[in-house]
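Letters are used for the chains, namely A, B, C, D and E, taken in the order the chains are written, and counting of residues starts over at 1 for each.
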Amino acid sequence: MTSLGFSLAQARLAFAGQWLFDGLTVEFAPGSWTGLLGRSGSGKSSLLRMIADLPLPDTHELTLTTDDARPLTGRLAWMAQQDQLLPWRTVVDNVLLGPALRGRPSPADRQRAFSLLDDVGLADKARDWPKTLSGGQRQRVALARTLFEDAPVVLMDEPFSAVDAITRLELHELAARLLAGRTVILVTHDPLEALRLSDRILILAGQPATLSDFDVPPGQRPRALEAPDMLRLQPRLVARLHAPLTAGSQA
Amino acid sequence: LALLLVLSGPALAAEERNGTDTPDSLKVMLDWYTNPTHAPLVIAKQRGLFQDHGLDVELISPADPSVPPKLVAAGKIDLALSYQPQLHLQVDQGLPLVRVGTLVATPLNATLVRADSGIESMADLAGKRIGYSVGGVEEVLLNTMLEHNGVAPENVEMVNVNFALTPALIGEKVDAITGAFRNFELAQMAQEGVEGRAFYIEEEGVPTYDELIFVANRDTLDAHRAAYARFMAAIGEATAWIINHPEEGWEAFKAYDPALDTPVNRKAWENTLPRFALRPAALDGQRYEAFEAFLLERGQIKAKSPLSRLAVDLNRP
Amino acid sequence: MTLLKRLWPAMLGLVALLGLWQGLVVATGVPGYVLPSPLAVVQALATHHQLLWHHTGITVIEIVAGLLIGCLSGLLTALALARFHGLRRTLLPILLISQAIPLFALAPILMLWLGYGMTAKIVMATLIIYFPVASTCYDGLRQTPQGWLDLAQTLGADRRRRLLRIQLPAALPALASGMRMAASAAPIGAVIGEWVGSSQGLGYLMLNANARMQVDLMFAALLILVTFGVALYFAMDALMRHLMPWHEDRTGTQG
Amino acid sequence: MTLLKRLWPAMLGLVALLGLWQGLVVATGVPGYVLPSPLAVVQALATHHQLLWHHTGITVIEIVAGLLIGCLSGLLTALALARFHGLRRTLLPILLISQAIPLFALAPILMLWLGYGMTAKIVMATLIIYFPVASTCYDGLRQTPQGWLDLAQTLGADRRRRLLRIQLPAALPALASGMRMAASAAPIGAVIGEWVGSSQGLGYLMLNANARMQVDLMFAALLILVTFGVALYFAMDALMRHLMPWHEDRTGTQG
Amino acid sequence: MTSLGFSLAQARLAFAGQWLFDGLTVEFAPGSWTGLLGRSGSGKSSLLRMIADLPLPDTHELTLTTDDARPLTGRLAWMAQQDQLLPWRTVVDNVLLGPALRGRPSPADRQRAFSLLDDVGLADKARDWPKTLSGGQRQRVALARTLFEDAPVVLMDEPFSAVDAITRLELHELAARLLAGRTVILVTHDPLEALRLSDRILILAGQPATLSDFDVPPGQRPRALEAPDMLRLQPRLVARLHAPLTAGSQA
């Protein structure tokens, strides 16, 4: 599969007459991972919705151009901030929702779903109802569903927020492995996670918000937590989140 | 004469064919659930009189007496039992209906009160509440009777009680009921231990009329004339037999449907026998003209229809 | 204004239905005494407008009173069922049974008890509305998400407040569904009442017109009744939306 | 077994109702021709069991067929309304209007077209079930949480699959509510059909008995009808629960 | 207000016949903050539910003794893992849910609700519907609702998981200030957060799970992020989460 990059131009969004952002322009290189950070309520989830072409209540506009000039539709996986599991489908059937909505899941699909559930540590819950899962387990099912799609563009909205530190590290490895070569936008509130997983960190801040870059450590994703760069950069990133407009440039 | 030949030709042909071949099938709809007023029909069927006349008759009961004439007009069924007063209204409204026979040749309609109510005559009804079942002409008939007795119609309150005539009267929810059948409702009241008193409609200023008549579709009458005539002949034979053998008749009647075997029906049976038309096909044209005139005078119909549109005598083309 | 806006699709539908009706009359050549043409009905509407107006007034009062009482008592029943364990065991089956009784069977009895005045008709309209409202409301009240109930418990809510402040608002969408339906059924209740015993009202008029073969007049009364039922539906719909400003309604936006 | 367990509260309710009824008869001294005592009705049940059995058979067929067709067509209508923009504008108001028409008024027309056989009665039962099912299902289909619709969109679902795999299951609780109600209303539809024109069935028997003042027989028929309606309700309830194993039902556990 | 301690004895819980934990015994000192950590699905949320006396589907048992021997009912605030905002109440009315469910909120209550919303940075959203909030904003409303209760015992299930790093630090300060003297159990997946806010860290792990202690840095809560102890202890805590049964003792 060849990687697919895309760019946004003139992204603007207003709620109740107030501009959240206006005239955002940004490029996402093919196969790159972008960590998207920003204060709560800055518009990260809304931006992902716009990219995914999902309905928003108020004024919003966006020009999205993919590298191959065809629309993104059908080539995008979106993992929402809420897990959105369907209560009437078992765990494995939730993972298989994509193929079920596009046709009929094949036996191969089922097998892949089981193996993905194994990857996220839920092999023994595959045939349970979602209502019997803990918060972190639900999030992992949603992650497995997103990974199942195997889409060239992946939008993930705080995908690891509800799991413990250890599981999170394991999921980082898993995602990095399964989403290699995919163009990924990862919204996260964990600076360390962003530093660990991103090729590029974007910070959404301001009134109206703009996007600014933060330099990431060199090296392969996922980066080791103990790398000296990481520990050095983390407080600096937190500081940047504090006062983002004083430093950095428009992306 | 040529016309006569042409008209009777098909009928004769049918007669001959039916003598040897399959019988004519007729769908006949009663006015209401099977009850003793339908005795001649039931007996004719029970005793095979229809077959004897080359007819295969199916009897159907409706729950709403206004439906059968419509079905006849729409050509869905052949014959329906209806009421003469309704016929005038229906013809006036443009329904292609015509009376072809009479089942009960007197009014059955009566105004009933409780015998213990102190109402001795229609004149005592002033200021009272009278229940009725909407039939179309109940109001005008009652008004006529009241006026005949010197009571202003505004002085009584009329309430539609639908089919709960007897309970409404027994339960003293109303002081009188009108549109009740004298052969049936009185028996029903007696059954519940309440004695009733009847005021007969034709004695209170209303022109007399045929209560139960057979109506057919005027537009298709000619094609079926012969079959209908044979049908009436069978009814006539059945009526005669019932009058000759009332007890056997009752036995045959209740055998038709076990649900018919009730004390009230038994009593009503006796009350009804004298009222059957002995010559069902015979037409008393004057009755129809008089009633038509009565309704016109009372503003119940828009225009006067000629007798030929209202009724025919099947045996006199 | 929003009400007017809400009503226009109904108008459109009405027109479509009239068209269908006229088409049917023309196509099947059904005689006027079975199904009059819309034109004939409109004519009857014009000719008899005074008569119709008088009877409409009566029926409208019956319908509105029946609707109010039926919705209110249905809602209260649902709340009582949701509130009291014991009731559920005994009242619910009784309710169910009463729902399964054809009103027509009870109508004559009701008339005999309540007389032929307006009360009996209001009771009929109430009865026809009561069960659907009680049933859908109760179903709605039962389906409150567990998380909210848990929250109410830790916040120290008593049963009454939990019911009124959590379960009831959570059930509003289900409730609205039931109420809307009830609104369009209310006229039928009143008419049944009038058929069984009355001397006034559109139902009586219909019965009378039917017996006299004035089918156009009967359909004119029917038309008024139907219009009123539909208007009630939309009024109820508007009311329910008004009561739920937070509720997302996807009628317009989604395909 | 669960069905049996589900049925027992209904039995209890029935007994309670019978008690109430007998009490009412004794207390008010209401005459037998208005309201017979339960005892008289049971007696009638025994005396006329053959007659009742015969008519019950007919009516049961009408009810079951009407229920099946009504639920199915109601569901399909709701799905079509949710699926196609255009339909909503025109079909919904027509539906509404048709719901507001007292079925009785249409009955003679139906009979004219369909004859007085079983078809007409099944059509009546179907019609009486159709609208509530269509309306509640459609209401349910409209209230799918936005998040699931968004998910379906990004997963590349076409409208049909989104409807069948997301909106429909999400609407099942609302749908169950409507179906349960419809089940208990089905007998009424069949009876109305029979009242309008038939020579068989419990409805016919009831009217007939009523006309003959055999009120005890009429109530015996009514009793059978009501029992059947309640049984249908519980059968539908069990079916719906069976279709929704994931659904938490708080009837038992919560106060 | 005097602080209220309590202890659990013989806490046991099974789902589908399998014991999640069995025979847990633990004491919560009056006014202490306990950080409760554990792998996703280890039973943290369920334990909080048991303490709050909320329904659970399967076998569960617990003996809870408060210091004053009276039941906890009415003296406990519970913040669930999901925000559980009521869509039909505005933001401020959601904060006022407690008083509304116990009677009628007073003007003073309203004023306190507004000031709490100001504290969590949502003053300008007070009169909006919850559906217009971002994920982090919803969580902050739920937090405000919990803080409003001013209960002596507070159970919080991942209360800061959806907010950005900066907001999180601010909320730590706020909670530490407003919940001073309260007995708090805080479920979290962020080791740093646990180290920062807890007087005591408990780790729920094993099969069936047991509780084990992890020593916290000395000093006042909330501890400064830059304190050397914190940076030293964080990797050790993560390591303990990896293999909890090899070190530490049953609490």
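Assume contacts are C-beta pairs under 8 Å (C-beta built on N, C-alpha and C of every residue); 3 or more make two chains touch, one makes a residue touch a chain.
Bear in mind the structure is a predicted one, so any value in this text is a computation, not a measurement.
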State which chains count as neighbours of chain A and simultaneously of chain C. D, E
Most heavily contacting pair of chains is C-D
Taking each chain's centre as the mean of its CA atoms, chain B sits from chain E at a distance in Å of 86
Computed distance of Cα centres, chain D from chain C, in Å: 17
Where the centres are mean C-alpha positions, what is the separation of chain B from chain D, in Å? 38
Chain B and chain C have mean C-alpha positions lying a whole-number Å distance apart equal to 39
Which residue numbers or ranges of chain D touch two or more of the other chains? 34, 108, 112, 146, 195, 210, 248
Can you list the residues of chain B that touch 2 or more other chains? 66, 70, 74, 163, 167, 171
By the touch rule stated above, which residues of chain A touch at least two different other chains? 55, 82
Name the touching chain pairs, please: which are they? A-D, A-E, B-C, B-D, C-D, C-E
Quick check on the complex: what are the chain A residues that touch chain D? 49, 52-55, 73-74, 76-78, 80, 82, 84, 86-88, 97-98, 100-102, 129-131, 149
Quick check: in the complex, which residue numbers of chain D touch chain C? 9-14, 16-17, 34-35, 85, 88-94, 96-97, 99-105, 108-109, 112, 131-132, 135-136, 139-140, 142-144, 146, 149, 159, 173-174, 176-178, 180-181, 184-185, 187-188, 191-192, 195, 203, 206, 210, 218, 222, 225-226, 228-230, 233, 248-251, 254-255
Quick check on the complex: what are the chain B residues that touch chain C? 66, 69-70, 73-74, 86, 89-90, 93-95, 134-137, 157-164, 167-168, 171, 173
What part of chain C is in contact with chain B in the complex they form? 30-34, 108, 111-112, 115-116, 194-199, 204, 207-208, 210-215
For chain E, which residues count as touching chain A in their complex? 15, 37-41, 45-46, 81-82, 132-137, 140, 157-158, 161-168, 189-191, 225-226, 231, 235, 238, 241-242
